[in-house]
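Here it is: the structure, laid out below.
In order of appearance the chains are A, B, C and D, and numbering begins at 1 in each one.
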Amino acid sequence: MKKFFVMATAAVLSLSLLAGCGTTGATSNGGGSSAGGNLKIGADLELTGGVAMFGTAAQKAIDLAVEQQNANGGLLGKQIKMDYADNKSDPGESTNAATKLITQDSVVAVIGAMTSGNTLAASQVAIDNKVPLISPTGTADKVTVENGQVKPYIFRACFIDPFQGQVAAQFAANTLKVQKAAIFIDQKSDYSIGLANAFSTNFKSANGQIVSQEKYVAGDKDFRPQLARIKSSNPDVVFVPGYYGEVGPIVKQAREMGMNQAFIGGDGWGSPELFNLASADQLNNCYYVNHVAIDDPSMADFVKAFKAKYNQDPDSFAALGYDAARLMFQAIKDANSTNGDKIRTALENLKGFKGLNGDITMDPKTHNPIKDAVIIKIENGKNVFMTKVSPK
Amino acid sequence: MHSITELLQQLVYGLSLGSIYALIALGYTMVYGIVKLINFAHGDVMMVGAYMGWIAITVFHFPFFPAILFAMIVAAIAGIIIERTAYKPLRNATRIAALITAIGVSLFLEYGGMLVVGAQMRTYPNVFPETMYNIGGIIFKFGDIVMLVTALVLMLLLHFTVQYTKIGKAMRASSFDMEAALLMGVNVNTTISATFAIGSALAAAAGVLYGIYFNSIDPLMGITPGLKAFVAAVLGGIGIIPGAMVGGLVLGITESLVSGFGASTWRDAVAFLILILVLIIKPSGLFGKNLREKV
Amino acid sequence: MLKIGNLSKSFGGLKAVSNLNIDIKDGELIGLIGPNGAGKTTVFNLITGVYEPTEGEILFRERKIDGLKPYQVTHRGIARTFQNIRLFADLNVIDNVKIAYHQHAKYSSLGAILRLPSYFKGEAEMEKKALELLKVFRLEGKAREVAKNLPYGEQRRLEIARALAAEPKLLLLDEPAAGMNPQETHELMELIRWIRDTFKLTILLIEHDMSLVMGVCERIYVLDYGTIIAQGGPDEIKSNPKVIEAYLGEEAI
Amino acid sequence: MKRVSILNRKNALTLFLVIVMYAVIQGLIVTDILPPLYTSTLIQVCVYVILAASLNLINGITGQFSIGHAGFMAIGAYLAGIVSVKFHGPLFLSLLVGGIVAAVAGFIVGLPTLRLRGDYLAIATLGLGQIVMIIFQNIDYFGGAAGMQVGRHINWSWAFWVTIISLVVIHNFVNSTHGRACISVRENEIAAEAMGVNTTKYKVLAFTLGAFFAGVAGGIYSNYMYFIQPTTFNFLTSFNILVMVVLGGLGSMTGSILGALIMTVLNVALSGIPSLRMVITALLLIIMMLFRPSGLMGTKEFNLNFLEKKGERNVA
């Protein structure tokens, strides 16, 4: 009996061999961590699996950022070399990816992951190995702060959920002056849930009323059954904290059902693709929270460069991925070192960084970027600036 | 739900969603009926078809009908290639080996597709008129009618093809007993290729319509509808063409009613639960014949 | 031993067996014959619990067995072979036999998992019994061969051996001589008699080969269109006009 | 008469090899020679070896076409996580609770569904797996769709020995009269029933036992990974486990181990080329099935019998 163990022994040996081959393959083209004139930065991204769309968009933007940085002489006199690891849109795989990047590829810093869950799964590895990590779009509170304690080495480039939710709620209550709101949540996304909770709390404290709350799952195509329920609850405004891929069809189907209420959302709406998913007419009376610089010249340059390189429009994932990469470059430059602690300190002290998404100052107490938000009004197929909101 | 109108409205939504499931399930069930293979790649062939239609419309500027025809032809060829290279050598292997191959083909199409066209979503141009109808407070649009009518027409067409045409008879003969069919002069290889061609073309048609109806496509778009269509096919009795139609509609209506009662997050669980309950009560689906092994 | 009273079975509208009465005494060797499609195998399936009777009852050693599951019927002491051989084709010969010993196994799953002494004792006993049984059927030399690789005649013998491993009181043989040549059939005849005497069994067999039936059976039931048309000793049956009529054009006796 | 005892050369040799394997790897870990990525890969190999071996018990040994194994893994992962995180229970208890709850779930769903056969059973089990996932998505206590933070509570030693124990239990079960009863169900259900095997009981037993170990594997997974999410346990994971089993050879336990090893290592080895990884995996699957549809090992087991003297073969 137990004959199989011999097999297992043999297999473990072959595993070591195989894995050995794998790493030689990976490092041969990259060289050592900082030897050979390269500076290695890792990216733990959702390149395949359910939200591959997020990760691949960010990957393109990061590549663009690296290309531009390298064209300007790289960092610390070295060329940046990106190491990408795919987390397959899965937390467990994200832990693996981070382990590989940090312990195997010896990267000096990590960009990623895109979702909060995947970032949380990667962050312990970064903390244990003292490697700074910046998530482009991990919006949940607990990504950087846990039990009131800021997590060392973990940063983000995006708004946190409570801020966006609050901005949206105050806009609905104070500017649109409505009292009855419905919320339509992407059940699978912690971003969406976080925004919805913040919106709900803030809207209620502004004497508003949440008349209905419905859920969908990212990837759904037919939203009419839930929209019908929202419609019959007769709200003045519908808050849809989702991503443009679903928001487009939601608005379209709602309008087709005769719902003419205002729709508001968060920065997940930010993509030119939105205008292909629903008509200009249908998107009228829609508002969303976004980053300041959406109409800024620097944004226009980015859009142009991105389009030139990939023949497609960048979305908010791309923009935030680009910002995250450049924040990290800036920190490494400020630290003038590849030492994790020094980069971390530099990131904590980053002030007035000219990001695509506005001026960014890192809050050392929370590792969240302090940046302004704007309310965008969609009018006849165009994004129109409405108001600017600063975080308190 | 507050009123009869709302209930009827939900039923209409369910019917419209169900006809989409039915449309995909038709090809699924036909291939299963003839070859007894769970072609897990069916949803991905649908994706390929959707992209072909998209290319035809946006790049070649084809009108709707030539575009859908183009997609169907390309998918049919793809179907034949897949069958000849991946499934044919396994015709006498275990069912599970064939299933694993189908999973392999499915992954290959998804991620090969992602390699070629990228992971991002593409928007489908609006081909159908955006006309809305309102009958007694119940709203539906032109696309809803197109989907339901297409599903019905294709179901009847497929049913009659399999029942009454020469190729259909050859299909049924091959399905019943491959060796006997061979001995009776049926070209089994051609017949099975034809089955895959028709099945894949149907998937492509469904894909184009799906793309137009929901106006966005991406390389992983086939997974969920593929799974749902499989559920619909099994619900109706896999291998039975009218069963796929009924299964699709039942599934669609179930889903929209569950969401309509405010339990949208449980929607898929309820759909699967109903499937399992139906199978436990009637182990070969709603329309399936209960074959018992001769002792 | 076995008493079948007013047994009927219909599939849909079709009556496969109707008003069947069979009474078998301890130690008898009974034949059940009839033209193709007369319902013989259906009777076996009814006795063994594969089908549930529509009407009537089956008593085995004074206890009702209709409505029991097949394995429960086997536990009561009835084992069978199949018309179309149903061996565990990919397993070796001895495992085929051991599986039928399973119901008499003397150790639990837990005993097996923990490899308790009861496991080793139980396995050793099974192995011994199985080999003894195989010896009777002259299969001991092929104990480790895969069942499907055996020649046809040996597969038939193995199936009987396997049925005996269930340690039945009543053995049902469904066309044991099918596909055998006269020489093999003759040997089988001897074997069946020998089994009955050695294992103190009662045997009910379905057979097409009249020489075998007439040669070994003490009493014969003739089934046609699901009903018994005749019964009696071999000589009575041979000369029964109803039987001859039923078989005319079917098969010469 | 054969020697039938737990003490024989083969078992002694096997045990020796297992200990050597453990000692070598443990030594490499303790001395920091083995990179963390390898350790983490090895632990995942452990998880998938248990999953594949337990699915093999259901699919390969008992012949029941189940493709919802990730559902039981999810139950184990979540329940074990809860014990570890919310109750600060010891690891052993955490894994045991995960396994037992998964087994109970396996028993409850197995009883009605295992009457189904073939493809119908397949889709029903697939549906059950998805239902489990959706249940976890909807219960806030488990973190809902966003997931649950568990933290790392397990190391290589634990993972290794739990795997070995699981394999020994499955192996001992299969190689007994009860295992043979399961095999007889696979081979010919009607004949098995006629030979006195309570087929329903053994189908449910195999399913329950398989679910138990899937739960244990899930427990190791959640106690090693920092964060778990319901979608990790979707039908694609079930397929992945099925692929391991079929790749190794349906019915062969060594095959399942080999399959789990290959697929897990392949996954890690190809992580440097994410865009091609899935395409290569898919092609390998297709090619493998075309050239060896019965899997690497067929139904055979790799064993040490060739080391024994002729005729010394024994049942243990």
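Note that a residue touches a chain if its C-beta (ideal position, glycine included) is under 8 Å from a C-beta of that chain, and two chains touch if they have at least 3 such contacts.
All figures in this text were calculated on a predicted structure; none of them were measured in a lab.
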Check: Can you name the chains that touch chain B as well as chain C?
Finding: D
Item checked: Of C-D and A-D, whichever chain pair has more C-beta contact pairs -> A-D
Notebook entry, point to check: By C-alpha centroid distance to the whole-protein centroid, which chain wins?
Noted result: D
Item checked: Between chain D and chain C, distance of the C-alpha-averaged centres to the nearest whole Å -> 40
Note to self: Measuring centre to centre with CA averages, how many angstrom lie between chain A and chain B?
What the structure shows: 35
Next item on the list: Measure off the straight-line distance from the CA centroid of chain A to the CA centroid of chain C, and report it in whole Å.
Entry: 71
Margin query: Going by the contact rule already set, what residues in chain C reach two or more other chains?
Written below: 50, 82
Next item on the list: Name the residues of chain A that each touch 2 or more other chains.
Entry: 47-48, 50, 187
Note to self: Quick check: what residues of chain B touch more than one other chain, meaning two or more?
What the structure shows: 111, 114, 265, 295
Item checked: Residues on chain D engaged by chain C in the complex (per definition of touch) -> 1-2, 4-6, 169, 172-173, 175-181, 183-184, 187-188, 190-199, 205, 299, 315-316
Next item on the list: Within their complex, state which residues of chain B touch chain D.
Entry: 32, 38, 86, 89-90, 93-101, 103-108, 110-112, 114-115, 227, 230-231, 234, 238, 265-266, 268-269, 272-273, 275-276, 279-280, 283-285, 293, 295
Notebook entry, point to check: Tell me, which parts of chain D touch chain A in their complex?
Noted result: 10-11, 14-15, 17-18, 20-21, 25, 35-38, 40-42, 44-45, 49, 137, 144-147, 149, 151-152, 164, 167-168, 171-172, 175, 221, 225-229, 231-232, 253-254, 257-258, 261, 265, 268-272, 274-275, 277-278, 301-305, 316
Next item on the list: Spell out the part of chain A that touches chain B in their complex, as residue ranges.
Entry: 47-48, 50, 52-53, 55-57, 187, 214-217, 219, 221-222, 224-226, 228-229, 232, 245, 248-249, 252, 256-258, 273, 276-277, 279, 312
Next item on the list: Mind listing the chain C positions that touch chain D in their complex?
Entry: 48, 50, 69-71, 74-75, 79-80, 82, 86-91, 95, 98-103, 105, 107, 109, 112-115, 119-120, 122-124, 126-127, 162-163, 165-166
